[in-house]
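We just call them A, B, C, D, E and F in the order they show up, numbering each chain from 1.
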């Protein structure tokens, strides 16, 4: 089984981190293939960048010419999953949703701890649309920018743990979701300090994608995610892959 | 990995059917162990029987003395999952929830097609509590009793297909969930006749349980699902397994 | 008129307390009959015990052989009411719901103050299912175990009053519901210290049960609460009352 | 115990019908006192008339100079209950809410059958505000005007039964609420033809008011329903009762 | 274009303030005409007064004998708008709704800062009914009475700014709505101190009313807001304008 | 005042139609400037095309070098509005939201009639996110593709009128919203045949944009719509306008 794991930003090092995380949980015969967009922002922390990412991810998948069995969109709280579902015949898994659905098996309510305050409403919006919001106790920001997770890991751990503890004690969360593709390495430390299960979206999404493939399930094509109708497109795909 | 799949009724043949279905999707090294309650109804089709089943399933798990890695409660729309989560340290997966969460990856809305009309509100209640109701287009009954699925398979297929088609065309469902542990064999035929993905709860639950085990995740113990406090219990467990 | 008031735990002294409370508000010609389960936990403080209680209450009612006009399930936030509604032809009243519906006549929002933190989600779930949650400002725990209400009454009063005051001032509740069958005696003191109406579930349920009987109303039998279908049951009823 | 039952329109004959209905269910020592507004419409079938009724009912209560223990506002779906709660120290019961809360003890979902189509949204709005809407399957209109219930009883029964049956079979209601103060006499016939419990608001409200009085409960005065602040009022009360 | 701006209380000075505010934003050819009720309270701060205001506003509009193109009901959180919609053929705009809908164009969530604590639930109820509540982060009270806004302007500014800041930082509001017709003058100062857009309801309503008139849109008359049916009314209209 | 009206597709003729519609309702001194994307689909009828449109609209606005006072995104149900709000200091109005908010002033519930069945869920999602969904009675599709509105006007009118009538009679809508930028010309005919107010999104959005500008209100910049943080972007903007 081959799963494309698509980063939402142009930072190759982050793709590598995500792929590494995905491989740790992937089943023996699952091949994880990372894709980095060639369009958009080096990190995605807001709506404008997230909309660029939506198109960038579509492009990164469309320009990939080998066969694959599923796609994971590895940005937390980003736009674009519905477009991939129209484009593809194979299952598409968004880490925001995989993490939330996984957390809901583990406790009565879950909280998300994310990066900057400005991304909180984006995540709330995605969970609302996905119908996974009602058992979300809170979405909390650590105040850390995406790239600071790499450059200031100690401060990041402290800030994230602090918010996770507040979520458990004040918001009554029983599970913590790490709300950023780049937070996977913090999982063990957050779990130790809070005593609750901690869900990383990339890891959760890998198991969901594998499960859908094994069950022979793919996106419904009867209405919302039917293939795009044939029509004139300008400037798309961004990358001329020679296949069009 | 060893997964207990617990039937909610006392009909051994149904346990075998469920186990068979589970084994078809289980990973290579997953061992599926069926458990049949020694208490309660031969089929569960209402609240009273479902409450008996809740206790019966707790008992069937508690009296099992070998180690295991996860438990699947294999009754659609039944009570009891929260009790298992308190009792156990390993993950617990309800097929009602696994099916709904799986369906939500595949289409904008899903419908459940179940057995008797009287079980529709039970399923609606479970989905509401699970926070998985908002993208549920409808829960429809085929009018078939649980045991009739075995004795009148042709009529069952016709009745279920009819409701599935109505769900897709009238209720705007894009995915169908088979709302009974005993419907798994109908999956292919319903898919053919409706053209939409069809999710069987037992199959979905097996992949969810395997995923949670592989991710090292288990039920949060900080509040709702903390172990029962030590106290005097009368008549429990029902089955004296010699282990108490 | 004869009303069965069924305790959810096996502690006879608590049944007596509940019966005493019920008799204080019962109408002149109403006979209150207490029932104590012979199965389950000495106090119910979590899901597993609550599921045992659901079956224990069904059994305590089923094994009672005299006629009666209504049943009150006297456990706050417990499972099982729907099963009784299937079993019986007479009205069934859950104290959780009677208290909430009563509180809603008295103020814009109400809060529940209950025992342990772990029971809060059970109560929230029951109110959600009952459709009585939207005007619930909060469910707060006093941190007192059920049996401590008897053994440490002074500390219990202090803890409950503190939470009730927080509910009024911070959560904007205008009515307090005492969220445990054993809290009835605290009613006057909580009212004095908070200045808001205080509703005890047992008392509220007695007047609701009497009202339904007087109005000639009983549970609808057309769908959800139709009598169980005839089928083979094993080990049920728990108590061989000689009537089966 | 003395309960004021206040009609919302100026038709004295309707007050008498309501009082008659109330007396049939009132307890032995309960005195039912009817009040007819001297202001507003002969029947209330829309928002403008309902707002007049809100003030008319306030006036009809304010100008009553004997003591009383509770007030019932006997218009289905009308404005004004919150004003009475500010004005009075005794409990106030709206028949819309009493009927809905009573119906919720009897089945999984209830429907309201009312008079004209234009009053449906008013009833929906009142149930939404009261937090009693989630288990409401539908509000259906019979197309009969309020005064036609008296003048064309046979056509009224037929129209109401037809809608009640549609509610049970199409909307999955398990209980019917008669959505007009003047429909009480139809109760038995609707029950016979639908096979489900039928709730009349006036009857339900009498038992609720009696219950609140017996429980010693009255409206919370801490915030929403605190007495009006002393201030200059012009033209109020409408009726100079000599008491101001 | 002529727009009636109707005050909800009998204080002429407040009508003048509201008219002044309306004229500041009105388009060049828009004529703003103030109306002061001759019935009801000098300031509206609760349900009873708000119900009087509903009728008073209806009367103030009905007794106006010149033509006009739209009506603004200039009380924040008051009853009565639906009655005006039945009465009139021209558009009716409630400042509560105009302010909320305007705020929703400007940020992810908005908060309302109002006068007394007791009016908070009224505003919450109006927003709920209007279907404009989901993006409302909070309704907060400044503790200032309506008339104190005039008599103690400095204390009012301080109290309102404090609550607005709390709304932005604690409740995550991104826009502030001034929840009282008499707060318009505070707009600039609240904006300066919070850094977020501040919406005044009267100003917002003027532009909405002008927009509806220019678009040729008026209230739908097919159901809820159809003209009242002809029937006998007593004591209405309050003011004999000679036109009936 | 200068308002940019941005088409979401690359069809210049549609931009002209939209601009024409906008100018008919614009105030005397309002200048309407049309923008046609140079990227994406000739018509937008699904998620993939809608995500391309989101970026295309951002680009069409970013590459415009003259000053302007507000932006209207003239695609019904499309992605992208939040990105514009981050990018700009002036107000941004989405026609989906302007139409819904306008319709809510006119009736108790509104329905949207749109083009293809597959776009219904997109519109439902946008209304849900905007918090404008609760008074939406239904979103109905006419089965007409966007470009067919031009090529088959008679069939389009018939199909849209049919759905509008069904919305009024079956879904109880009291107002119809035309759910496509290209439907404006049908407004009068739909109104005539249904008897209810009909709202066109472009027209509504023009008056909303003018209103926000006149009120001096613009997007809140404190959190969700703060300007994008400075960072490395690749391939953006699509169009090298020379201004970067």
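Methods note: a contact is a pair of C-beta atoms (placed from the backbone, for glycine too) under 8 Å apart; a residue touches a chain by one contact, two chains touch by 3 or more.
Here the structure is a predicted model, which means the values were calculated and not measured.
Undergrad: If you take the mean of the Cα atoms for each chain, which one ends up farthest from chain F?
TA: Following the centroid criterion, the farthest chain would be C.
Undergrad: Report the chain whose mean Cα position is at the greatest distance from that of chain B.
TA: Result for max centroid distance from chain B is chain E.
Undergrad: Count the residue numbers both chain D and chain E use at their shared interface, divide by all numbers used there, and answer same if that is over half, different if under half.
TA: Same-residue interface.
Undergrad: In whole angstrom, how far does the Cα centroid of chain D sit from the Cα centroid of chain F?
TA: The answer is 44 Å.
Undergrad: Indicate the whole-number Å distance between the mean C-alpha point of chain C and the mean C-alpha point of chain F.
TA: 52
Undergrad: Between chain C and chain D, what distance separates the C-alpha centroids? Give it in angstrom.
TA: A distance of 28 Å separates the two centres.
Undergrad: Could you pull out the residues of chain E that touch at least 2 other chains?
TA: 108, 120-121, 172, 223-225
Undergrad: Can you check the complex and tell me which residues of chain C touch chain D?
TA: My answer: residues 25, 27, 91-93, 97, 101-102, 104-108, 130-135, 168, 172, 174-175, 195-197, 199, 203-204, 207-208, 210-212, 214-215, 217-225.
Undergrad: Quick check on the complex: what are the chain B residues that touch chain C?
TA: Touching chain C: residues 10, 38-43, 45-52, 54-55, 58, 79-80, 82-83, 85-87, 117-118, 120-122, 125, 128-129, 145, 223-226, 228-229, 231-236, 238 of chain B.
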